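For reference, the structures are reproduced in the following blocks.
Two complexes are shown next, each including chain A; its partner changes from chain B in the first to chain C in the second.
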Partner chain A sequence: MTSDSTVPGAVLLVGPTRRDGPGARRSRPLGTRAQRRLLAWLFVAPLLIVNLLVITGPGLASVFYSFTDWDGLSTPAFVGLANYAEMLTSSAVLGALGHNLLWTLFFLVVPMSMGLVGAFLLSRLRRGQAFFRVLYFIPYVLATVVSAAVWRQILDPESGIGSVVPFLRDVNFLGNPDLALGSVAFVNNWQWWGFLLVIFLAAMRTVEPSLYEAARLDGAGPVREFWHITLPSIRPTFIFLGLMTVIWSFLVFDYIYVLTQGGPAGSTDVLSTVLYREAFQNQRHGYASAVAMLLAAISAAAVLGYLALRRRLRWDI
Partner chain B sequence: MSTAPLAVQTAPAPEQGGAAPRGSRPQVVTWIVLGLLGLYAIAPLLVFAGNALKSTQEIDANPLGLPQSWNWSNFAEAWERADMGPALLVSLVIAVATGLGVAVIATTAAYAMTRLGLPGQGGWILWLLVSSSLPIQLFLVPLVSWWSLLGLYNQPIGLVIIYLAIYSPFATLLVRSALLSLTKAYEEAARMDGAGELRVFTRIVLPMIWPTVLTAGLVAGLQAYNEFMLAVTFIQNRDFQPVALSLYSFQQGFTTDWSLVGAAGLIMALPVVVLFLTMQRRFIDGYASRGVTA
Partner chain C sequence: MRITKRALISVSFVATASLALAGCVSSGGGSNNNNSDGGTGEVTYWGAFYAPTTEEAFQEIFVDGFNAESDASVDMEVKELTTIGQLTDTAVSAGQAPDIVYSDGPTSASDFARADRTLPLGEYAEQYGWEDKFLPWAYELSTVDGEVSSVPASYGSMALFYNTEVFKEHGWTPPTTLAEFETIAKEADEAGMVPIGGGNAGYQGMSEWLITSVFNAAVGPEKLYDALTGEASFTDPEFVSAIELIQSWIDKGWLAGGSESYFTTDDTANVTGLANGTTAMYMTGTWTFNSLGEVFDDPSQWGWAPLPSLSDAVEPGVYPLAIGTQLSVSADAADPAAAASFIDYVAGDVDRALSYTARTGENPPPLQMSADQFPEDVDERTVQLYTDIPESTNVGYATWTFFPPKTNAYLISEFDKVVTGDATAEEYLAGMQDAFDKEFDAGTTLVPFTPSSRAGQ
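Then we have the complex of A and B:
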């Protein structure tokens, strides 16, 4: 994920004119270069300031606070690795980690398959592609609180789907500890899969049509076309979205907080809700920072694993 | 990932890409599956909209069907009880400020990186990539303390500054790739004619990358309008609640009135859905590149 791998074609396009030729520079009056340099810093200053203030600064501060006992107001007291030791033996954290793993598994399988299959079928349509693309994307533009309201109503045991479908009678989707995590994941998936479909579709449109024609001459049906042409051709996108799914699954917060707040009985607790509760209800900012480090470490491990895989297999991503 | 952002906009859909002969069995199966997926995406919203028009008694008796009587007064009541008016205004201000701010910050920064010879090229890109993929939870806890100290806690402007910071790294990468694929011939010509750097930026370059800037701003504005975690953390004061929070507290009540929650939810969703449907290509391309460049 270096600068040039982002848009390699673009770099090629501007190749020869990328740097000002020496002639151009000489023809300008003295001082212009210094002026340009000053303007460059002025232009990048807003980005730099908000980023240092919001992301880089507090991010580094978190590293420090994770080694302290701190309530957010008084002076932090240095406690060494105590927060980390507590975190790695805490049943709340380990339970939450388990839920994050289940969540990851669900999101690697369900929305990825729906997005892939949907995009594949859609890419074979001659007409109606744009219509379906918009239709599937609508849930994605809705706010979490809106789609949560939609589904809380449908899953309501008294006035939802349970009161209509006989075998779902009295099923409390969000209130039963055995069903809650799956129900929240189901709701999140409803909003999420269309986004994956749109990205997969964009990738599939770049596949050479001649590949399909050749396959068809060999007598391949749609299923074999999917496995032998489509999937290998969009592998970079597939792997990248898989990586993002893993990272996002460990950071998930909104749907769980809005629908169940981690309950009932901790059955939907994930690392983010534990962190949030420790920081803002129990005022244990130092401990919460240690949980934040765990989250950051998991994200970093996912990215590094991806980069290593890319290097070893020489995948062009 | 490498070529997709460009491909999204430019690649022609392969005409003979795959469509089976019309009326054949695979084609029928394709339409059925796509139709079912469409139903999955849209039916819950139709139920939600239908219930927004029912009375409470009717929802209990007939939760998923069409409304018998159309209670438009639900919308007025929800508007009143969930404080939708002031909340929508706060959200509008936050979304517009975020969209505009991100567009400006990203465009100037990308211009400095690609055109003004800002030193340390690779370092900036790495920093942007890292910033855009760091978990918000990593800096959330200290940020609350910092914002209290700076008097930005409970202030919509404080929330906007956070949104500017978290949405601008990706937007900068997006605008940067548009600038990299833009020829420098026009700028060079304008400079030869004696145009100053600011004039080159505003009169020559900006009009040419305008669609990308607009996409970046729109996506950031929409994300700010919908955002929940930071809003619920940084705004406790009811007077400055964005609409996401007023809808949240409205559906958290113990005796939930689903028709009113439905009406309030539709009020919050309507501006976004209308904006999305009118500019869907720009939105989808913007979001698709988000998944592919980041």
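Then we have the complex of A and C:
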């Protein structure tokens, strides 16, 4: 798309403009303001329609159903706040919420750290950087079901790593309630951290090299360069990925469902697996909608928290 | 990957029904669909199959057969075996179901009927004589408020599976009592085997296969009947003892090799364990008939026996009856008569159904049939099951067939805590009774058949 200078930010939509020659007039990009607005809406309309159909509509429907007792077949019966009251006192939901918080903490610390440090080290490589970028990114493009199935075999105490490493023979990573959540998080991190690394690396490449040169002249080492130049320079990317990590951590489902289905005994249950089980196994769509509202509220809180910080600290993103 | 789900049963039933239809065509017997009473429109049908060969057999015997014989026609769309139940539930909920609605048992079929998502089939039941064709207990389960609302497309039971060579090698014979069962388990454990197959990896519902077996073999059909009709409680000592029996097997490391292994062992591992001699016994459903031949290098080596008695109160050899697939007609079906005609073609003819069983190993529909009706190429172990069951007076109740849905969901999801020791038998069963009470009070429980010992009382 090309910008015309008549109206700041306006978009040239139709035909060429006469710019050359004496007396040439700067033409408006498109007829009247109303026409321009109409065209803008036409461009946005497909996205809005899709959004209404697959996001806003079902979202509003979920709000409605969260106040009903509905099995997915019969007419929903209004039950007021009963689903919310049950949800907030349910040991299954509260346990799952706790797992979500642990999951969030893990993914805010482990893969973010690995991605940052890995990207910083890679950024200092003069040769082979592309190779490592591809290498670390490959897990991210693998289908979740495939990589989860492979890891399920690897973690199998009989045929997997336990059959090769003697001291792991009796360790059942996915069968032990104390190890299962961490094991699933480990597998998910295996796929995830390479993605963060590539994004951080791309952000680091935009940092002005003269900053590093000046720092070196002042005697700064790699660690100080990282803390005082790299990290502040990529703050927008860092904060964005941190925010998305929080949101994604509460939406996590696939790896847990494939590897443990929330078991053993709920030890890997998160809100989304509880929601799924209530909706599609127990046929409690109303109650599941209330759980979905809780998930949405948490994500909204994360975004609002970010916006508040942004305003208070005057971030430019 | 080997399918381990209850969906497998359902699919088997669907496939069975389809094959039955085809068999009818080939034999020239069975229902005459070539008339306008059977409809003239196009029928949409979702099928799901254990293997491509099963799908091929269903297509040929049922779909192609029906299309050749009938004025109506069937268009089959193949779905994943493991997800067809959920796909159907969602489609029914959205009003987008195929003309013939699949259910994984009478419970969900009755839910569809109560919500008016499927049609009453009374007139078709009369037209095709379903009451006379089907075994009474299965026909009764297919009714809602006294009217037929679905048709059972396959049935089976739980049984004890073993490797005949392994048993011969150790001098074991199929156990008939708890003492014999635990003696074999102890010796198998000492021999380094997994004594009792089990687990729920990949499909949490596998737990109810175990619970069904133990409830029927340790609590017994009569007490189960009482509990299902509200005359007894799941918290009664018989049920507590049954769950504690399972816990004792877990504590000894007999069941699936122990608590942790339970959660990482799937159906495939159990059946493979039988085949390679690392698992001694496995109580699972007779839907396994269709896959054992592929897992065992020598298909003649697998054997099955009726469940042993696991308490003094129960006679050995109980058969928990199970329906895996129910077929209904969608309320939105364009030509309900044609849909009902196809259902009858799939599930309503013995010769056709058994020809499908012979070709695929799938369980047949619960039709009135005798041993001499089985084709020679049906595996003799299958024939034995389906000739034993009608003659047996010791038949019980599979949880997924006779338990109401929320009770059944509880039974599966909370059993994990029993395995990990986070819930006692009493706590687990108290929750089950709570769930049952709600459904019983709401009138959504199914009517189980009367135990044989009480028939006529």
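Quick note on the criterion: the second predicted complex is superposed on the first by the 267 of 317 C-alpha atoms of A that agree within 3 Å, B and C clash if a C-alpha of one lies under 4 Å from a C-alpha of the other, contacts with A are read in each partner's own complex, and residues count from 1 in each chain.
Rule of thumb we're sticking to: contacts are C-beta pairs under 8 Å (C-beta built on N, C-alpha and C of every residue); 3 or more make two chains touch, one makes a residue touch a chain.
Keep in mind the model is a prediction, meaning the values are calculated, not measured.
*Asks:* So in the superposed three-chain picture, is A:N176 touching just chain B, just chain C, both, or none of them (first/second/both/neither)?
*Replies:* In the superposed model, A:N176 contacts chain C only, not chain B.
*Asks:* For A:T68, select first, second, both or neither according to whether it touches chain B, chain C, the two together, or no partner.
*Replies:* neither
*Asks:* Name the contact category of A:N100: first (chain B only), second (chain C only), both, or neither.
*Replies:* A:N100: touches no partner chain.
*Asks:* Of the two partners chain B and chain C, which one touches more residues belonging to chain A?
*Replies:* Here the partner covering more residues of chain A is B.
*Asks:* Based on the superposed arrangement, let me know which partner A:F280 touches: chain B (first), chain C (second), both, or neither?
*Replies:* After superposing on A, A:F280 lies in contact with both chain B and chain C.
*Asks:* For A:P157, is the partner it touches chain B (first), chain C (second), both, or none of the two (neither)?
*Replies:* A:P157 contacts chain C only, not chain B.
*Asks:* May I ask you to decide whether A:N83 touches chain B, chain C, both, or neither, giving the answer as first, second, both or neither?
*Replies:* A:N83 sits against neither chain B nor chain C.
*Asks:* Looking at A:T245 after the superposition, I want to know if it touches chain B, chain C, both of them or none. Which is it: first, second, both, neither?
*Replies:* neither
*Asks:* Please indicate which partner A:A265 is in contact with in the superposed arrangement: first for chain B, second for chain C, both, or neither.
*Replies:* Once the two structures are laid over each other on A, A:A265 reaches chain C alone.
*Asks:* Figure out whether A:N188 sits in contact with chain B (first) or chain C (second), or with both, or with neither.
*Replies:* So A:N188 meets neither chain B nor chain C here.
*Asks:* Could you tell me which stretches of chain A are touched by chain B in one complex and by chain C in the other?
*Replies:* After superposing on chain A, chain A residues 72-73, 156, 280 contact both chain B and chain C.
*Asks:* Can you list the chain C residues touching chain A in their complex?
*Replies:* Within the complex, chain C contacts chain A at residues 86, 89, 92-93, 111-112, 114-115, 117, 200-202, 204, 259-264, 405-406, 409, 412-413, 416-417, 419-420, 422.
*Asks:* For a test of understanding, state which residues of chain B touch chain A in their complex under the given definition.
*Replies:* Checking each residue of chain B against chain A gives 1-8, 11-20, 26, 30, 33-34, 37-38, 40-42, 44-45, 47-48, 51, 59-60, 63-64, 104-106, 108-109, 111-113, 116-118, 121-122, 124-127, 129, 131, 133-146, 161-162, 164-166, 168-169, 172-173, 177, 180-185, 188, 191, 197-198, 222, 225-229, 232-233, 244, 247-248, 251, 256, 258, 261-262, 264-265, 268-269, 272-273, 276-277, 280, 283-284, 287-288, 291-294.
*Asks:* Mind pulling up the chain A residues that touch chain B in the complex?
*Replies:* These residues of chain A touch chain B: 1-3, 5-11, 13-14, 17-18, 20, 24, 28, 33, 35-37, 39-41, 43-44, 46-47, 50-51, 53-59, 61-62, 65, 72-73, 114, 117-118, 121-126, 128-129, 132-146, 148-154, 156, 158-161, 163-164, 190, 194-196, 198-199, 202-203, 205-209, 212-213, 221-222, 225, 236-237, 240-241, 244, 247, 251, 253-254, 257-258, 272, 275-276, 279-280, 285, 288-289, 291-293, 295-296, 299, 303, 316-317.
*Asks:* Would you pull the chain A residues touching chain C in the complex into a rising list?
*Replies:* Going by the criterion above, the answer is residues 71-74, 156-157, 172, 174-177, 180, 260-261, 263-266, 277, 280-283.
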